[in-house]
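Across the two complexes that follow, subunit A remains constant while its partner is subunit B and subsequently subunit C.
Let's look at the complex of A and B:
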């Protein structure tokens, strides 16, 4: 086929392709190869960090669909993670269910709860909806605390969880986990990308942009808002369940309001309304505190206080939100998009006239 | 295909927005609705569209009574709506806007959408084919992949029309589609309007202020004033009626009389 022929579209579906630029197809293959090779060349700790960001990315994908695409603000994401974690505990302790059953069951219980948490969205918008999800957060955390004090060995220690087994294999090392999470994240990302380029995703975006117009074109607002909550919370719950297995412990102290805000930060920093943004945001916000930790090592000894480090780590997330909202409101995904359009036109770059520059 | 609005009354508290309004539209008929500001033109469209629920009266499209159908199902009955200020989905491209217009004619659900396989692909391909035909019809090729918010106003209004056409409507409700357009854009729009009337087999209710355009294009004119139909007939007849002239320009005595 000639080089011109490759750029002509012969099928309507070609307009809906994700990697429509030729170099993008090359790039994604490279990304996959590099991702597959990372555990072979990097330290255990770095693989551990990537595992944490993959887990965060699964949750961030959920919040991105809900907030970035459907426009429903939620501060309940930590609660959904908690539901995943505690469903995992309950199923292991009381039922003895295997990993293969527990993770989907956690996603399912998250979906059920997402339906309930989503109900206020039929009446409330914006800040009021955020407050109602916040109320749900505290209700769920209360239930989780109740469970933990009743069934946990000690009120503060949390509930231990054994390493999961799939058939004859036991997942224990960071490297085994890395490949499992990588494949799972890739599949879930593909699913989300497909959702937002077909009918349900467009319905969500229409609700986000102009709900009354969407309704007159037959988008059932209640149905699609609830669907967004259900999909979002089941992804978060799945992430929570996997995190419980990965860290071998479930404790209610992890699921603070801070965590919910950190997920909102991922979505904002990554870029609202972009699946790529959810991945980039999760990676960025997860690695940020560790990056600050590493920077602290370069400081003179007398400045290095253990107590200030934590404050700086938390504060940095807040600073990131503000900086991105001010200077790059569409987030990391927009920086990526600009780079792509730059190379689309390269080397014929638009440059303002010398005389017009002032 | 026919629309029959019978004895429609709409009140907001003590204010009667529509009083005993009856009108109809047949297939391939371009019915213009004119009247001064606040006469109830948009309110009438909103009633047909299900955004407002009338207090009394019926709205029949063929066999279905639109006053009893939920808002999001009215499009399924074949009613396409073009809003006065376009009301596009600003962060979506023109193609995506049109695909949302086709929402009810598609079937992809949450699971088949996530898998994007088999039926979902077929569904998507057919929808895009239909949407491309409409883009072709209203000559929007240049703007296919442009986010709606970045379009000039005149183009936005045209995209609004295209989005309504995307659901293959039996009845098209146009709310001041040519207001704010430039001369050339208006002439273009008149051409599309005639093509829609002659080629797409739909009834069109067209709210419009430009009397020149209305008398040139419409098959029938309905004049509303203070929520009541004061004239209904062929353009050349309606334009001559003293009642209509009075409603539009006012009579000498009334203009000088103290308010109320």
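Let's look at the complex of A and C:
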């Protein structure tokens, strides 16, 4: 294939390829091998951080499908995570269901809720849809608070969850969790990549780009919008359930609007409309507070005391959202793509038209 | 009596916020999700500025709040919102979400997230039989809110700049072609909106307290704006009254725990029954 052909797709089959460059397969195998070796060489804390990123990445994949591919803005992602967490609690406390059952069941209840939350999208778009997901967020969190005050031991401490068991194994250490999450994330990522290549993904992108045009092409708007909400919320809910198991506690205080915004930040920083972006964004935003913490080691010691560090960690997410939206709207994925193009063209420079830059 | 006074004061806080949200929506079709944060930070600035002299001084505080509104308004418009013309709708909303987070972190870093009450040590003006009081600050708040809305009405109706304002809201491109300085008008919209929010934050801080949780008043303001109609200033007052009355009555008659839930319950109801609000135009709605 010529060098131009890698960016210029001339037929449907080319557009539908997963790997557009010959070295990408090699790169992915390489990344997976590295990822599998990380726990052997790094500290427990780093593995813990990666676990958190993987959990976030599962949720971010969900939001990416909804916002990045289907163009439906949602500020209710924390509520979907909460539904996963609370379904987990309810199934464990009242039914005593095992891990293998609880996680899919959480995904299912998330799907059901996504259907309900998605219903307003049939009437509104844009600003009003964002506000309606905001209202849904508060409604769901209110219900969760109600449940927690009724069934939790103390109103603020949350509800404890035991370590999950799969057959004879008990998942307790960070390293066991790491492999489970790595495999799960790899499978889900592969699933999402294929989902956006096939009919639903194409329909979503058509809806995102122009819903009326999509409808004239025969895309059933109601069906595919609801499907986007259902898939997105079931992924988020699954991530919420796993997070509940991983952190051994479910408390409603964790599912604030700020958390929903953090997921939005992952999608923006990663790059709208890119599965790779969801992964990069989740990794970046999850590691950001810890990176700032490390940076504070080089600053005057008294800054660490009080709330300065926490405040800066909170604010950094906001700054990332603003800076990326203003200066790099397609996010980290676009930076990666530019790097790839640079090496494709080397030693020549590649300058897209001014109008094609954004 | 006390019941009426409380509702009127709550209405004023909500109406000032809702007016700002409506002005910004009309000016640039942006829903500002950072409004509660802008209000509370305004309250904090007012508080800090009042202490900049030897003893608490009102002129300093007002000067500080004014400077904050102007600088913040111009800064947000010039450095962020102006660049977003022609971008998808969600970009502007998400930028305001980013602003909200940064402001929240400012409260934590600069003011250590302290719970503050704005208090000039003046005795309450009115004592009610139940032990509740009405301070001079509350009365000032009501008077200033009414003055603000009257001034806004006169401004939009009778001044040259007000007409340019309405023209820009209707069609920014045409307005700019007829020689309206759209950038000036839109930054002014941000300044007015933030100024109103700051007033609201100050009166809220005088009646209750400023803290990172207090930013929830933004939700009440947004709900009030939606109930009245996102593109209607009259509606902002009506919506503010409805939300205030509902807040007060649930606290009084049903359960104080519900008071936080009231704004979004109304929000859900409005979204499902009459999403364009009481006075809004139905065509304005982004319908599918």
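Assume the second predicted complex is superposed on the first by the 331 of 358 C-alpha atoms of A that agree within 3 Å, B and C clash if a C-alpha of one lies under 4 Å from a C-alpha of the other, contacts with A are read in each partner's own complex, and residues count from 1 in each chain.
In this section, a contact is a pair of C-beta atoms (placed from the backbone, for glycine too) under 8 Å apart; a residue touches a chain by one contact, two chains touch by 3 or more.
Predicted, not measured: the structure shown is a model, and the values here were computed from it.
Q: Would you sort A:221 into first (subunit B), second (subunit C), both or neither based on which partner it touches?
A: In the superposition, A:221 contacts both subunit B and subunit C.
Q: Go through the superposed model and pick first if A:285 touches only subunit B, second if only subunit C, both, or neither.
A: neither
Q: Report the partner of subunit A that touches more of its residues: subunit B or subunit C.
A: Larger number of subunit A residues touched: C.
Q: Would you sort A:213 into first (subunit B), second (subunit C), both or neither based on which partner it touches?
A: In the superposition, A:213 contacts subunit B only.
Q: Kindly classify A:273 by the partners it touches after superposition: subunit B alone (first), subunit C alone (second), both, or neither?
A: The answer is first: A:273 touches subunit B but not subunit C.
Q: Identify the partner contact of A:127: answer first if only subunit B is touched, second if only subunit C is, both if each is, neither if none is.
A: After superposition on chain A, A:127 lies in contact with subunit C alone.
Q: Please indicate which partner A:312 is in contact with in the superposed arrangement: first for subunit B, second for subunit C, both, or neither.
A: Second partner only, subunit C.
Q: Name the contact category of A:16: first (subunit B only), second (subunit C only), both, or neither.
A: first
Q: Per the contact definition in the header, classify A:79: touching subunit B only (first), subunit C only (second), both, or neither.
A: In the superposition, A:79 contacts neither subunit B nor subunit C.
Q: For subunit A, give the residues common to its interface with subunit B and its interface with subunit C.
A: 221
Q: Any idea which subunit A residues touch subunit B in the complex?
A: Touching subunit B: residues 11-13, 15-16, 191-192, 194-195, 197-203, 205-206, 208-210, 212-221, 227, 231, 273 of subunit A.
Q: Hey, which residues of subunit A end up touching subunit C in the complex?
A: The contact residues of subunit A facing subunit C are 67, 71, 73, 75, 120-132, 134-136, 138-139, 142, 211, 221, 258, 261, 264-265, 268, 306-308, 310-322, 325-326, 329.
Q: So in the complex, the part of subunit C that touches subunit A is made up of which residues?
A: That would be residues 29, 31, 33, 80, 83-84, 87-91, 93-95, 97-102, 104-109, 112-113, 219, 222, 226, 230, 261, 263-265, 267-268, 271-272, 275, 285-288 of subunit C.
Q: Would you mind writing out the residues of subunit B in touch with subunit A in their complex?
A: Residue positions touching the partner: 49-51, 71-76, 81, 83, 87-92, 95-96, 99-101, 103-104, 106-110, 113-116, 120-121, 123-125, 128-129, 132, 163, 167.
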